[in-house]
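As written, the chain order gives the labels A, B and C, with residue 1 at the start of each chain.
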Amino acid sequence: MADNKFDYYLDGKTAKWEVIIGLEVHAQVTSSAKLFSGSSTKFGSDPNSQVSLVDAAMPGMLPVINKFCIEQAVKTGLGLKAKINRFSKFDRKNYFYADLPQGYQISQFKFPIVGEGKIVLDMPYGTKVVGIERLHLEQDAGKSLHDQDPENSFVDLNRSGIALMEIVGKPDLRSPEEVGQYVKKLRSIMRYLNTCDGNMDEGSLRADVNVSVRKQGSQQLGTRCEIKNVNSIKFMQQAIEYEAKRQIDIIEDGGTINQETRLYDTKKNETRSMRSKEDAHDYRYFPDPDLLPLVLDSEFIENIKKTLPELPDEKKLRLMNDFGLSSYDASIIISEKDISDYYEDVAKNSDYKLAANWMIVELFGILNKEGKEIKDSPVSAVNLSKLINLIKNGTISGKIAKTVFEQMVQKNENPEVIIEKSGLKQQSDPKELEIIIDNIIKKNQDKVIEYKSGKIKLFSFFVGQAMKDTAGKGNPQLINNILSKKLK
Amino acid sequence: MSINKETVKKISKLSRIASNEEFENSMIKDLNSILKFVEQLNELNTSNTEPLSSVVDQKLYQRDDVEKKINEKKDILQNSPVKNENYFVVPKIIE
Amino acid sequence: MGEITKLTLVNLVSKIKSKEISALDACSDYVNRIVKSKKLNTFVTETLEQAISSAKKIDDNNLKEGILSGAPIAVKDLFCTKNVETTASSKILKGFVPTYESTVTSKLWERGAVLLGKLNCDEFAMGSSNETSAFGNVINPYKVNDENIVPGGSSGGCSAAVAADLTVATVGTDTGGSIRQPAAFTGIVGLKPTYGRCSRWGIVAFASSLDQAGPMTKNVSDCALMLDAISGFDEKDSTSANTKKEEFLKNLNRNIKGLKIGIPKEYIVDDMPKEIQDLWDKGISWMKESGAIIKDISLPHTKYALPTYYIIAPAEASSNLARYDGVRYGFRASGKDLNEMYENTRSLGFGNEVKRRIMIGTYVLSSGYYDAYYLKAQQVRRLIKNDFDLVFKDVDAILTPTAPSSAFKIGEKKDDPISMYLNDVFTVPINLAGLPAISIPAGFDKSGLPLGLQIIGKPFDEQTVLNSAYALEEKIGFKSQVKDWWM
């Protein structure tokens, strides 16, 4: 299962092919109001109820920028270990569409707010560093509904003007699996920072996927196609697989790839060229004359740096160094801020490794089975922490703890209470155990002789008897110790 | 650089202005005369000149992240030539 | 009957405040003139009944606090007025009724003025003669040999209305000269404030980095009062200047002794009509008489201002007018799909000059041409601004003619866009540099048509501009020669 080498190469008719992928991720900024207007950004509201005059591009309307959205972009840039550009400008990207009331989108073209950065991925074959080209702020568009009426489309501008961060990754990804990890890591970083909630079903996070192929070993980049607006990791991965094969087939049949924009059809699992096949959009970018350049002073950036929470990569290192967790366990714990918060609540009062183990194996087992997120965990961190302490201090065995845990899942009861009520306390009194063990030894003298003469396997017989005689509650460690002493 | 029919057709498309023979011919004439007029800027050497995009010399005003509800749905939809209770209505868009 | 409408704004407001005249009488007199002046076609929308009832309310409740109490004012149909149709003189906005009021006009009503209606202009402010309006030409109240003359543009309805006493004062907009040139053509005062002095919020945008609202009035004092009313920082406009509040009328005076007035040699254009040169020379003498010091200056890049403007303004306009697509307001044509609907709507909804400018604007921004045209124009714009920054180290204001000719006949320049654009040769550099400038009526040409002189000032130094104009105005002693021939 643990592959040590990267091996995502596709078999063509004539050669093995490598897939090159670059993502442009659009992440909705977590903020109360929109980027250039004061309307609410809440998801799922009554259509056209969160639309101001500016969002609707009424005559004479002008944009005024939201200070907090700037902070969120800088924060995200810092989380991506990227260069924050102190000077940036807003440009108009001009095109016509029903969900774009101004007839242009306010974006950043020449001078984005954030420059180059990187994201580190933990792959089975090692760490992979994926480059970030830039991050810029822009307006989101509204939504058009095409399936409500046979002749018409309906336009809802609630989303029009919400702040987006466009995060352009370098074409460093080489497999659907890497793409999945990239999106998860990016999402996780933004959730840690609280700059984007990463909710792909609500459209807070979407990606345009650029795919090209080349023969394994080649250094040239092939012509890429852009698959627009994919809103789930699974679809991204499926789209990439389809598109890579499509391109390989074309090239091997002697054709060339047309650089074009495509859509992923989730039902047919294929990509197709977009109908609006007119000549490539000429966006005629020019600086927006309604806005002035954005100039950030270093104090502003420093203040944001100071407020940054611990990011996943740093937390992972700390969990490994200070908490002694394995790289694997640490990766799982840091994968979501909610998980790492839960872990730290558990671990602050109990054994680090046991805490990690219990979360990853037992707790996640339950959560997965019930389709729950950790924020809806039936067992609180406090109680799990108590359970672990009860194991650690010998009150119960690990085996008994599992039974107790099952009961905790039912109603998040304090394990101490459960143990009291069910009398599941471990038998850890050495004197008591000695008596029981002495008894067993007395009753099984023949086995004792056999053991002493070399049949060491019989040790487990004695352990088993001791467990039986303690109704399963005997402290295994103590039993072992006492037996070892007495059977010498 | 001069404008021909093909360019006029392309620009019309980009500007979403319907064009016909008459329009194209008049545009070719007018646009070429304007372009000829503006060509005199090439007399100037501006290779070391910073472009000027705004005459305002102050910091970009930034507002607080406060939600403001200024108008109701009916105000926003009010002036639309074709609408229903909830949406702006446009001819079908096929992607 | 005719008396009240001949009063200046300052005098009218003073008499209304002192109850010598009622707001209702003032309003009624203007209304009476307006209904008899349809021939001039200055109004797109009249709000006469509402004006009367607002005036009554001012009298009944004795609301005489505002600095414009009871002043009956019509405004250019480029300002969005709440619940009053706003068309930008275009078919594409016919029927558009804003649910909001522009900042500038809000200030007028807050200070006690009443709205008489919306004044005709060139469509989307694009023009220099008010011949591109979808609602017909405006006729200049000055006539020559029974021929109809243009009132200038784009604020032609504004200038004609003030000159014909159909409004006591008005606000227009100036992107390349659209306040100053029509003011010169009709013998009134027109001021374009420094870019950023007045808010652009709620004004139908033409060229965002050039547009500026400004007063058009019977005299300089009125102009100062109007500027007091409409200027000020607006946080809803990111290009609004955050400068201190000033009191232009209070500080208005004629003392310009020692003021250094620059005379730019590059404004002496080829084929400059002798009358314009003579008027300029007279202006220089009047300045000297007032104690000002005349200095010859050079603005070397002057001749490049028009071509620069005719790249930048259409480029910004092509983007600003993209929102007029028939979806959310205004006129919509039918189409079998969305793109066809857009194309038909905009083709039928926009007039030829607007389409011309959108096409040029789209072209100069398009891929492959951006650097050669738009970027180049922005670089030259900086050179033009630098010229002014440099001379303003030596002079306090600049004196030039406002326009290269007096008003021309309707239809005379319609077929040649370049010839029309040349009207703006003296006014356009000022917009590119963002400076304040005023046009005051300074005389007549041999046909009896008014001629104007322009005074240009340093950024945010409207006070000096107004004071110089105030001093000159006294020396000039201009008297309107408008006869009510259309009534």
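Going forward, a residue touches a chain if its C-beta (ideal position, glycine included) is under 8 Å from a C-beta of that chain, and two chains touch if they have at least 3 such contacts.
In this text the structure is predicted, and so the values were computed from the model without any measurement.
The interface with the greater count of contacting C-beta pairs, when B-C is set against A-B, is B-C.
Comparing per-chain C-alpha centres with the mean over every protein C-alpha atom, the closest match is chain B. Computed from the mean C-alpha positions, the centre of chain A lies at a distance of 58 Å from the centre of chain C. Chain B and chain C, compared by their mean Cα positions, are separated by 23 Å. One inter-chain figure worth recording: chain A and chain B are separated by 41 Å, centre to centre, where each centre is the mean of the chain's CA atoms. Touching two or more other chains at once are residues 14, 16, 53-54, 56, 58, 60-61, 63, 71, 76, 88, 90-94 of chain B. Looking at chain A, one finds that residues 53, 56, 64-65, 96, 98, 153, 155, 282, 284, 289, 291-292 touch two or more other chains. Annotation for chain C: residues touching 2 or more other chains are 96, 99, 209, 235, 238-239, 318, 322, 325, 327-329, 338-339, 342, 362, 366. Of all the residues in chain A, the ones that touch chain B in their complex are 31-33, 38-40, 46-53, 56, 64-70, 89, 96-98, 144-146, 149-157, 263, 274-276, 278-279, 282, 284, 287, 289, 291-295.
By the touch rule above, chain A contacts chain C in their complex via residues 53, 56-65, 92, 94, 96, 98, 101-104, 153, 155, 282, 284-286, 289-292.
Only residues 95-97, 99, 195-196, 209, 235, 238-242, 301, 303-304, 306-308, 310-311, 318, 322, 325-332, 335-344, 346-347, 350, 352, 355-356, 358-360, 362-363, 366, 369, 372-373, 375-383, 385, 417-418, 421, 433-434, 459 of chain C touch chain B when the two sit together in their complex.
Per the touch definition, chain B reaches chain A in the complex via residues 10, 13-14, 16, 53-54, 56, 58-73, 76-77, 84, 86-95. Across the complex, chain C is touched by residues 1, 3, 7-8, 11-12, 14-19, 23, 26-27, 30-31, 33-35, 37-44, 46, 49-56, 58, 60-61, 63, 71, 75-76, 78-82, 88, 90-94 of chain B.
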